[in-house]
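Both complexes below contain chain A, partnered by chain B and then by chain C.
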Partner chain A sequence: MSAADRARDALSRLVDASATERILISTAALVLSVLIGAVLVLVAGRMTTCTAGEAVYYFGTGFCYDPVVVFDRLFLGALGDPFSGSWSPNGQFAVTLRESTLLLFTGLSVALAFRAGIFNIGTQGQMVVGALATALGVLWASSLVSGTLGTVVLIPFGLLVGAVFGGLYGAVPGLLKAYADANEVITTIMLNFIATGVALYLVSGIFKDPNSAANQTVPLPEFAQFPALLFGGRQDFSIVALLFGLLAVGALYYVLEHTAFGYDVRTSGVQPEAAEYGGVDAKRTVVASLTLSGALGGIAGAMYVMMVLGTFQTGIPAYGFDGITVSILAGNNPLGVGIAALLFGVLKSGTTVVQFATDVPPQLVGVLRGLIILFVAMPEFFRLLARGLPGAGSKPKAVATDGGTDGDRGGEADE
Partner chain B sequence: MATAVHLDGITKRFPGVVANDDVDLEVERGTVHALLGENGAGKTTLMNVLYGLYEPTSGEVRLDGEPREFGSPRDAIDAGIGMIHQHFMLVDPMTVTENITLGNEPRKWGGLAVDRAGSREAVVDLADRYGFDIDPDARIEDVSVGEQQRVEILKALYRGADTLILDEPTAVLTPQEVDELFDVLTELTSQGKTIIFITHKLGEAMRAADEISVLRDGRKVGTVDADATSQEELAELMVGREVLLDVDHGTAETGEVVASASDVVVEDERGVRAVDGVSFEVRAGEVFGIAGVDGNGQSELVESVTGLRTPDAGEIRFRGEDVTTASRRQRIEAGMAYIPEDRQDRGLVMEFDLVENGLLGSQHGRELASNGRIDWPKTRGHAEAIIDEYDVRPPDADAEAESLSGGNQQKFIVGREFERDPELVVASHPTRGVDVGSIEFIHERLLELRRQGVAILLVSSKLEEVQGLSDRLAVAYEGEFVDVVDPDETTEEELGLLMAGERPGDDGGGGGGPAASEGGDAGETESDAPTELTDAADGERA
Partner chain C sequence: MSDAPADRTDSGTAAGKAEGAGFLDRYTTRALVAGVTVAAVVALLIAGLLFPDSIAGTLSDALTSRNTLAAALRLSVPIAFAALGGIFAEKSGVINIGLEGLLIISAFSAIYVADLTGGVWVGFAGGVVASTLLAALFAVVTIGFRADQIIAGLAVWLIALGLAPFASQVIYGSPNTPTVATSPSITVPVLADIPFFGALFSASPSVYMLFAAVFGSWYVFERTAFGRWIRASGENPKALDTAGVSVTRVRYAAVLISGVLAGMGGAALSLDLGQFTGNGPTMVNGKGFIAIVAYLFGNYNPVGAFLSTMLFAGLDAVQTVLQLQGIGIPRQLIRITPFVVVILVLALVGRTRLPEAAGEHYETEE
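Then we have the complex of A and B:
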């Protein structure tokens, strides 16, 4: 029992952890995951063969892979080697920021729905719909304006189109949940397939670029794409998009914390019965938050088209699913999403750097990435878990006698 | 007499909280020992230590003089300790016999099958030995709450319990069932069993117990002989200051009808009529009470009035308008305050701090928000005002709701709802699970609102509460009002019979006869009767 008691105490401390403590815990988890990853790299390095010249030596033993190099590439490589003097805004750092920007939007999309108590797995589908709508909308509108004016008009227009169509696509599972009691996990997963399928049908048919072998639309004109300010154009990153992303972080934070709608969303998310009691219209809140969540996913799609590809092409990478991890990593907090998206972006872009620089197999790099995410997300995951658990956390149920309805559910659960 | 249970210097710490602080408790064999205290005093924690759910931080548990260490309830049960929880742990579709023997069934065929005949026989023997009146073949879902409780007691006895711990056993019982329970306890102690009985009701402790130990803030403040004490002394020990156990109800000056229900029908999830054609009206300046055992349609009726549920038939009117299908928000904005029966599910968002909780229900209003934007500084001021005026402890607006004790949570809800400047207050079990000090305070506030001309719909399963506060009192039974009476002209026994579904005139002579076994002093059966504060509510805290 004392082991269980200790576990309970640990969970309580985790639930009660302050913001500073949580950041410290996350940092410690990151360091720990790197240490364990290093051991894995060493072990894997013992199990392969290489020439004596290629090997590195630790503790008098030779290893084929050097964990120091691996993690140096994974992190510093992803940042474009800021300490080497050869740092360039057009280098790997831009790739990292590009990935981070897209993950920022998908992360926010998932986080908003999570805060409303809804598990939106459909961000990927909403992103696809937003991307396709943006490509088609901007292609149509680019015949009306051009030049610098075109950039100024078309970029907001493209984001808007992405947001509207992503939002509408998010509203579908929202309506189904609110009025037909359909579980959003099921409907959003299914809608992902529908989005991908319909997009494939459209761009391999009527909207297909006749000059391309790939299933894609006609490329957008240069002026209808995000300008490559400061960072050059080589890595398909635009600082403007990142600024939009940071703006979205701030806006979502403001909406959640400072508006009545945000209050409704948060209340519905943590305690739907109390929300109902407090006059929150549960159905409307579900539809509204999934719509807004879909809009954020749609914007991610718009960015992918207008910043990265310059066209719509089938097979959009799984930013929407990565957004789930980003959101959990961030504790579903918009401000945290900013940091988590950056970490995730570093890992994604660092993986390719590691592959260029070392012989470490990509699968092993994937394992290292997974370890880092797992370790950093675990404390948050346990916090979420412990909050729902009777007896853990600072709930008086565990410590107080209680008459009335409070009972001692903590005790009962133990039996 | 021998000491059956001896808790020696028990201290139980949780992170940041000392739930029990060096508590000594000696319980004599063959006696009923009441453990009395306010919410959060540490009663249940102490008993959970005895029952093996918690390991004490320090101190020792001794049974019959032998030091024991319990790693789990299993060890405690093996040592002869049984606990009857407030929420019964019975399997509803199974029979009484099956529930009692569950997990310890007599076996046959070399342990391969349950010996049903043997089980039944064992249960009948056990019931006969202690004089329990139960039907061993009835299904749990078909028997009364009182009988379910007896099944729980038999279950503990079947597992060989010598010491029984009962956690707030009377909370769900009618007055008659309470009498029966106390008879059972007497029978058990006469056969050498030891009973520890957790309660926060003074009257019950005095009636049922031989000795009473009072806990306050995790410490034991005294053990008294039940025959040599008074309710006033116990209340003072519990609260730490003097409490006057009396209420000045006064007469009502009623105005126009504020809210009314006509022929309301509510069907539950299974299609059973939980509310079956109920009509009533509540006037400005009056308290309309609804008494009844829980689960007789009161919750469904209240939810129809407040907008959490749409009735299947009938009409709800509020301030002259038909609000039968109006939303919660519309009703809140029209001036309806609502103290919900379940404060931890409905009334408060447990993860939110008090600032955010003070906003619940007002987030779309004009006082604390404008154009959909929340004015946090104002909202904080609002929460601080409630905390201040309603004496919520600790007085910290940044404390999360779940960190407050039940009584303080309730005071915060009451404060928030009363501060809406309402036309109608729907108070559903406003003092459930709340300690004496807070009860008197909440009652006083309710009556003050009534004096200001607010209409009050009060629902409670505590008879003395509805009886003491109401101007008119309806008794609910199986979804209907059995009768609407003048509470001052009706005895507790009469009400008890109405609550059990006996319609007035059902039996001509039986009115107060058989049930009135308890000396006929209606006001004394329970202590947390409406009371009034003597001095300002600043009882000192250690």
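Then we have the complex of A and C:
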């Protein structure tokens, strides 16, 4: 048995957990991460200095940062303060939906590869490539059409360009894995660095906007960007993009669960030997799923260019890495990605609210992201917690046979 | 323990041979890559000697420059330390993809402690402790709670990637720390004056520590019982268990050692410059991942890992020298060469034979 097969085995163990159990584990992981984050905020509040008036007091000790305020801003602030009476669709809530839309695509990208037993850490790079290709392709095409017709033609065109180039960039680690046996975890990480470097070179050189100090391409005309419907244009969010994202969720779910290709992908992910025995072309499945995964990453890049920035700028935020968290949190299920993306959209958008409202450094959310992944990766921890038994001496068999009931008990322990 | 290999030859007639042939195949590719590299360097040096005014001349000047060797050694330190750590963990059966995170956390902690206490070596120790603690968390999560090693390793990286700039922002008000004093380099008289190789004898203390660590790791694996346990724990944990040695303990020890070694690398990285920079991918910037490729390419041999690190670092050093001489290759493209080389190496060498039980949780049988 090769190492790759074992890695797939490990992944399948994660997938094996029942749906209820997965939801409970993800919720528990989230709650626990927030609690640890709160402790971190308190500790950080002790390490920095502030005036006595600014400090808050817990347990008779003064802290410079208040975790209650931090998490209030993080969650309620991100939703645009629904209880304050001044909620408007044009406020922070639109930002949250914008972030969620992008995370939908990067999350689906990672989830698809995961289901095939492939760890695509390269969604970030594929997004960068897709974004740059879209920015240049649409800019070129925007000289040919204009007006409403332009919007109708250019947006699908831009998404297609992003998908094709992201897909091609995703095919590289796929080919390397299938035909040269190169570990995709390493190659995709390296390809991220390469994509960022080459994009910086191109955008600071030949494709640079001569009228801008920043490293960016010439901005796209207004008609080549996603139209702002219902939500106003101030927050760079378009409901059209979100609907397209939800469509992608449904489509990927259908492809995975109800098509022959989806069957190939799922069986190669869970039981690679059995899949090959059953006639699945393993190499082709690897290349195909990484290409499709890259295409989804590329679409995220296209969305970022055509909805958010209106141009390609170096330093694309880490949506690709957040996509890993979204996918793991969702148990690599496309429908779960929908919920996890919304949740993570809240975290991302709340970060800026926290930054405005408090002095707590925004990197806190980065730590939370790591903690969530860590906890979701260890279902065993929550099973033990639920059982109330300290010490790790359990047999894997016992876990498998009464896993369902354990999950149920876990729910009670959480409340 | 001794009947394990015998068992394998018995059971795997055809499969065993195929695997053997595959291994030989990969081994020769590895030798081929190394051979081609050496040949290319020699050819370049000869061309440079014949045509000193050509680009080959400039390149061979850069290659034979003492500064290049000094820079390569300096750049090697964090990567090679992390690679040694990675060897310990992976040989014992735990794939530690979180090396990058260990480097980040130790690089920051070293500066913080050095700034707090004013002592460079206290800072160094602080960095090592921080990295070891994070490695301990990783060990508990993967060995104690059977978490998936790759995902947990990724989490370690992301936690450190957030935590170090977060702490720096809280303490110093910026993701970059202020500068602290650095330790002076140690120069061996007379030997340091040798052309080119003199760089080996006039270097920062961390370079000498790296030499010691490479030799020490090699010694542990080749000559001690503990080294054999680590190997058995990764190749055939059941046999080790049967022999009465706790696989769990060996794996915990190995992961902690990987934390110590990576911590030394991270601390050396930041203390060498006297500052931690935490913007974007931080000052570590992928060194932990290059370390993984370095030990894969070095076939889990400490000396091999060091030599392949020198290959990557040498490349980086040559590009720095070339940049200073104003060769017309854009800086942004030169910067990505190590990453491209890593992919080429992986594509040519393909899969290295991982320890048989790497990535698997081992359940003690009573």
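Here, the second predicted complex is superposed on the first by the 287 of 415 C-alpha atoms of A that agree within 3 Å, B and C clash if a C-alpha of one lies under 4 Å from a C-alpha of the other, contacts with A are read in each partner's own complex, and residues count from 1 in each chain.
We adopt the following convention: a residue touches a chain if its C-beta (ideal position, glycine included) is under 8 Å from a C-beta of that chain, and two chains touch if they have at least 3 such contacts.
Everything numeric here is computed off the predicted structure, so don't read it as measured data.
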Is chain A touched at more residues by chain B or by chain C? C
Quick check for you: in the superposed arrangement, does A:A260 touch first (chain B), second (chain C), both or neither? first
Could you tell me if A:N183 is touching chain B, chain C, both of them or neither one (first, second, both, neither)? second
Touch check for A:G279: first (chain B), second (chain C), both, or neither? first
Contact-wise, after the overlay, does A:F75 reach chain B, chain C, both or neither (first, second, both, neither)? neither
Which chain A residues lie in the overlap of the chain B contact set and the chain C contact set? 2, 9, 13, 395-396
Within the complex, chain A is touched by chain C residues 97, 141, 144-152, 154-163, 165-167, 169-171, 175, 280, 286, 289, 292-293, 296, 330, 332-333, 335-336, 339-340, 342-343, 346-348, 350-351, 354, 358-360, 363
Name, in rising order, each residue of chain A that touches chain C in their complex. 2-4, 6-7, 9-11, 13-14, 40, 44, 47-48, 119, 121, 176, 180-183, 185-187, 189-191, 193-194, 197-198, 200-201, 204-205, 315, 321, 324-325, 328, 361, 363-371, 373-374, 376-378, 380-381, 384, 392, 395-396
Residue ranges of chain A in contact with chain B within the complex: 1-2, 5, 9, 12-13, 16, 258-261, 263-264, 266-267, 270-271, 273-281, 387, 393-396, 398-409, 411-412, 414-415
Contact residues on chain B for chain A in the complex? 14-17, 19, 37, 39-46, 48, 51-55, 71-73, 85-87, 89, 167-168, 171, 198-200, 215, 308, 327-329, 331-333, 338, 340-352, 356, 359-361, 363-364, 369, 372-374, 376, 400, 402-406, 429, 432-434
